[in-house]
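Dropping the structures in below, format is structure tokens.
Common to both upcoming complexes is chain A, partnered first by chain B, then by chain C.
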Partner chain A sequence: MKDRYLKYALLAPALLVCAATLFYPLLQSLIYSTQDWNLGRSPAPEGFAGLANYAALLADPDFLGSAKVTLLFTLPSVLLTIVVAMAMALLLADNGRLQVNARTLLVIPFAMSPALIGISWRFMLNPEFGVADAVARWFVPGLDAAPILSDPVLAMAALIAVDVWHWAPYFMLTFIGALAALPRDTVDAAQVDGAGKIRIFFEIMLPQLWPVLTIAILLKTIFSLKMLDQVVTMTAGGPGVATDTLPHMIYTTAFRFYDLGYASAMAWLLAIVMMGLAMLYSRFVMGGSK
Partner chain B sequence: MTAHVDLSLAAPLTKARRRRGQHGLRNAAIVLITVVWVLPVLWIMATAFKPPSEAAGLALWFAPTLANLFASFDVPYLLGSRLLNSVLVTAGTLAIAIPVSTAAAYAFSRFRFPGGSAAPLVLLATQFLPPVIIVIPLFVVFRNLGMLDTRLALVIANLSFVVPYATWMIKGFFDALPVDMEEAAQIDGASRLMALWSVVVPVAVPGIATAAIFSFVVSWNEFFYALVLTRDHAITLPVALMSARTEQGDAWEIMATMGLFIIAPMLVISRFVQRYFVAGLVSGAVR
Partner chain C sequence: MHWQFLPFQHRPFGFTHDKGTQLKRRHFIEAAGAAAVANAAGFPALAQSTLPYALKANKPFAGKTVNVLLPPASQFRAQEKRLAEFEKLTGIKVVYSYVPYGQLLDKITTEAVAGNGAYDVIAYQDSWLAALSGYFEPIDAMVKADALDLARYPQVFSAAAIYAGRNYGLPVRAHPQLFFYRKDLYAQAGASVPSTWQEMLASAKLVQDKTGVSGVAMDYVKGSGFQNLWLWFNCLWGHGSDLLDASGKPRFNDAGGVLATQAYVDVLIRHKVANPGSTQFNEYDMVNSMAQGGSASMMVWWWTYSVLTGERSKLKADQVGFAPMVRFADGKSPTVAVIMPFGISKQSRQKDAAWEFMKWVTNPELEVAIVTDKSDAATSDIVATHLSTLASAKVNQANFGLPAVALKSLEGARSLPKLVVWPQVASVLETAISEMVSNGKPVKAALDDAARQVERITQRSGGRRG
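Then we have the complex of A and B:
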């Protein structure tokens, strides 16, 4: 077989899969987003709505509130994950026996199913018998007696903390890789000059780590924006709408209220933001590998 | 580390003592971190073996029981059928995704396509979309075809993220392989396809296996598509967790038992995962 045909033959199955499971659904949800369609009322779209769904969204206080909740989750979760992961990486970068064993153990939470993580933490945060709840109250004696997950602020804090717990080991491993790739000579020279560890980190290592950090921050922002499993299993968006992030609101709009047109419009607005971030990300990744 | 040997004679003793103190502090921090990250997992695993009366409690000592295991496999939790669904859906997904992705990865790695590197990048970018945007049309299609709550529907849905993910990852491994061997094989008269099968694939097996393991992890742990597309028959383990939340209250020991089955394969491969983790990230293939 000629290479010219072979290359398309090799690609064809993957292209077929992607066309059926990605490109077609994407196009279809874009079409739905311009339709009036509640699945509870009608099994097929109920008519063309133009941009009415999008216009309604921008004036919908629930949607804007959910967007705010999403930001309130995303910003701290990204920042804390990166900071905690970097601190862990600095502690665990050496190849001592303790470090190597700790690294192996720390991978386990990352490989855990996000749904299991969410439901497990809901269990452990139960005020009557939850172990995490007991520990939290031991450290913060003045904590309100009410369940942590039924307090709007604490529920969000718990969701963020669990997300950091989930992702920090992963970014730790990437940072350890980046730290190992740093040239030793500048650090050694600074040590000879008597610079302290903290100064060496901020003035010599951090500037060289910026490319990796930028990619990590972009990646974690994308992950935070699409995080959904833990919201469903841990807080279900509650109490009230305190943790009702955009992916969760889209999910409930589509599959609890069956408003497929409105949900699709919401999904596309979110997707546009994420595509922007994804383009930035691929530019950085490509730039780094050239 | 010999670069900063201290040459003054008075300093060494105190300095060594201080360093030992610092190391002690650092080791304590490492242990604390490990405890914070591992203890919750152990707690859940222990809960699976607690009698129901003690599952909702802070007991550190308890008489371990296998009663939860039997209860989980019984009505109404049907862990056996959920487990079978998880195994079949994951196996089906990998059986299709890995060959398809390997072929596509080879094509992207060795041939030029119109648009340059745009096609693999588009593939990567789809991984950053919120899953909910894909699942609404898939739900409608499967509903119209009467395929809701089937394992096949779930396999198809899982392919939407496993194929791009595995393709991008395997492409990274092919990119790192020298082309010399294939060219040598072709000079010997083998066709390109033969060269791929008999020369490239055997060398790339570690890379393909790594991609398969990562694909296994994301597919095994997948929750959202299964939540939307299944009701009863095709429910997989992560969704089955939700069934431990009943009207009569939460059966946490059942939840923990199901969790045990979700975690078990991860424990087996976690050592392997760590070794290839950074390799996986370098190729950008992380969901």
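Then we have the complex of A and C:
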């Protein structure tokens, strides 16, 4: 087989898998987003609705509120995850026994299923029997039970904290790899010149880590934008709509309200944002590899 | 309401019944055995007339497999344990597939979209029916052909599977509400067992003040299958209000609705007799709170008795008291009942075999056998749906008198509204209640906002085209 055909033949299986699992569902959901389809009314799409679903979305206060909640979740969760992961990476970058063991233990949260994490934390934050309350009462005896997940601010804070707890180990490993790849002589030179650790980090290491940080921020933004499991299992979007993120709203609109056309339109608006981020990510990765 | 029991009409050989209602299990096995012998000996006519539960003789569907989708429950495990009996009678194999209750609606929806008929019989909750009726087979003709008497159920149970004049299932699991309380704490505080909401508040306060244990556990959290709406409906109906008016417009924010909702949230906010964790409790947390000694009472479905007295509970059976559900309006307001019928999937490719299974699984003898068998904790259950079972002395003796009290709770009971847009409407309402108890939103403002949302939902329920 000639080389120019062989490359297509070798790519064909991967393309077929992508077509079946990615392109077809994407295309199908795009079609659904232009249809009127509520399962409660009909088992099949009821007719072409044009851009009516999209127009309704942009005037839907629930959707706009949910978009705001998603931003309120995404921004702190990305920032905190990166900061905590970097701090852990700096602490655990050396290859001493303590650091290696700590790294191994810290990876456990990342290895857990997100749904299981949500359920576990929901139990841990139970105001009557949860470990969080028990610990708080150990420090402050007689403290009243604090229903954290039913307070709008604390529920969002808990959701962000759990997300950071889940993702920080993954990015810690990424940053440890990046730190190991830094040229040692620049740091040594700064130390000889009398620079302190904080100054060395911000002025010598951070600029060199910036490409990795950018990719980490992009990736974490995508992960945060599509985070669903913990919302479903910990707060169900509540109290009220305080933690009703877009993925949760899409999920409930499709699977609780059966409004598949409307949910598909929502999913596409979110997908467009994520595709933009994914393109930026690709540009950074490919640009770096040139 | 049909409170009189009409016996099931298909009794083999006219055996005598225990208390006029129940066919003894030994007799049933004899009948099945005789039918099998008659069949084998070449007496099809005799076999035809003797199979119990109106099952078709000569095993016309032998070799088929009926797949059943349902949530985990000891009642269903107990049925599963007895499937061999059905398979022997009909030659139909039955496979139970369990999906957690919280995911059941999602699973049914996914199956409906997939349209591959993977499940023949599906358990669903009555309030889902309006939205899902297109995916269930109406069984009116089958019920009529086999002369199944629906008056064997409390009316609120049999009506649960009827939507737009058509019957989409038979009740298999159903729950009346009961008032559960700690006998020891009530005795210690000198509190009396309440029969009205107002008495409940007074007793809860007395017990809380005297014992230091929270007076009552509530479940105000959103996102657990609309559980924070059940007691709200007691309050709503108890104050003469309702969800919608005759024209389909929201009515829950009228004067009665505001008073009802205020009464509901004031258990926590004003009277402060609810467990402080109630804002974050779902039904399981609420039940666990009482089971672990954190609350002195609760108003919930009767099935939770087995949790309160189970192995993981800190309570002993003699500490757990139960009474008919408390009511408003001098004890005459409706209670709420939630019903889980079995329906036949419209996408099933073997509806006849599925109907055979439905006839068997809903027979009162099987129900009695399950609720009186306490030999295995994993399959021991108190849930029954037939009037005869609920009234049976034998069943009550085996179940601490719970069925008789449940029967009292069911007097005047109503089921949840059947609306195509129920999931959206319920979601709006559960969010509104969550906002009242967690965010401190005023009741009237929260209900008015919810009413506007419900109006929007009902307006766009016809679709967005044009």
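Throughout what follows, the second predicted complex is superposed on the first by the 262 of 290 C-alpha atoms of A that agree within 3 Å, B and C clash if a C-alpha of one lies under 4 Å from a C-alpha of the other, contacts with A are read in each partner's own complex, and residues count from 1 in each chain.
Keep in mind that, in the parts below, a contact is a pair of C-beta atoms (placed from the backbone, for glycine too) under 8 Å apart; a residue touches a chain by one contact, two chains touch by 3 or more.
These numbers were taken from a predicted model, which means no experiment stands behind them.
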So, after the overlay on chain A, do chain B and chain C clash or fit? They clash
*When the two structures are overlaid on chain A, which partner does A:Q28 contact: first (chain B), second (chain C), both, or neither?*
first
- Message: Under the stated touch criterion, which partner chain does A:E46 make contact with: chain B (first), chain C (second), both, or neither?
- Response: second
Could you say whether A:V83 touches chain B, chain C, both of them, or neither, answering first, second, both or neither? neither
Requested in this report: Once the structures are superposed on A, label A:F255 by its partner contacts, choosing first (chain B), second (chain C), both or neither.
Outcome: both
Max touched-residue count on chain A (chain B vs chain C) belongs to chain B
Query = Which partner does A:D151 reach: the first (chain B), the second (chain C), both, or neither?
reply = second
TODO: Quick one: classify A:P127 as touching chain B (first), chain C (second), both or neither.
DONE: second
Kindly classify A:P239 by the partners it touches after superposition: chain B alone (first), chain C alone (second), both, or neither?
-> second
- Task: Return first, second, both or neither, reflecting whether A:A19 touches chain B, chain C, both chains, or no partner chain.
- Result: neither
Tell me the contact category for A:L58 with respect to chain B and chain C: first, second, both or neither.
neither
Overlap of the chain B and chain C interfaces on chain A comprises residues 39, 126, 128-129, 255, 260
Counting only contacts in the complex, chain B reaches chain A at residues 3-4, 26-27, 29-31, 33-34, 36-38, 40-41, 43-44, 47, 56-58, 96-97, 99-101, 103-104, 106-108, 110-111, 113, 117, 121, 123-126, 128-140, 156-157, 159-160, 163-164, 167, 191-193, 217, 220-221, 223-224, 227-228, 237-239, 241-242, 244, 250, 252, 255-256, 259, 262-263, 266-267, 269-271, 273-274, 277-278, 281-282, 284, 286
In their shared complex, chain B is touched by residues of chain A numbered 1, 3, 6-8, 10-11, 13-15, 17-18, 20-22, 24-26, 28-29, 32, 39, 88, 91-92, 98-99, 102-109, 111-116, 119-121, 123-124, 126, 128-129, 131-132, 134, 165, 169-170, 173-174, 176-177, 188, 191-192, 219, 222, 225-226, 228-229, 232-233, 246-247, 250-251, 254-255, 260, 263-264, 267-268, 270-271, 274-275, 277-279, 281-282, 285-286
Residue set of chain C touching chain A in the complex reads 105-106, 109-110, 112-113, 115, 130-132, 134-135, 220-224, 275-280, 285, 288-289, 292, 294, 420-421, 423-424, 427, 431, 434-435, 437-439, 441, 453, 460-461, 463-465
Contacts from chain A onto chain C in the complex sit at residues 36, 38-43, 46-49, 52-53, 56, 62, 125-129, 144-145, 147-152, 235-242, 252, 255-258, 260-262
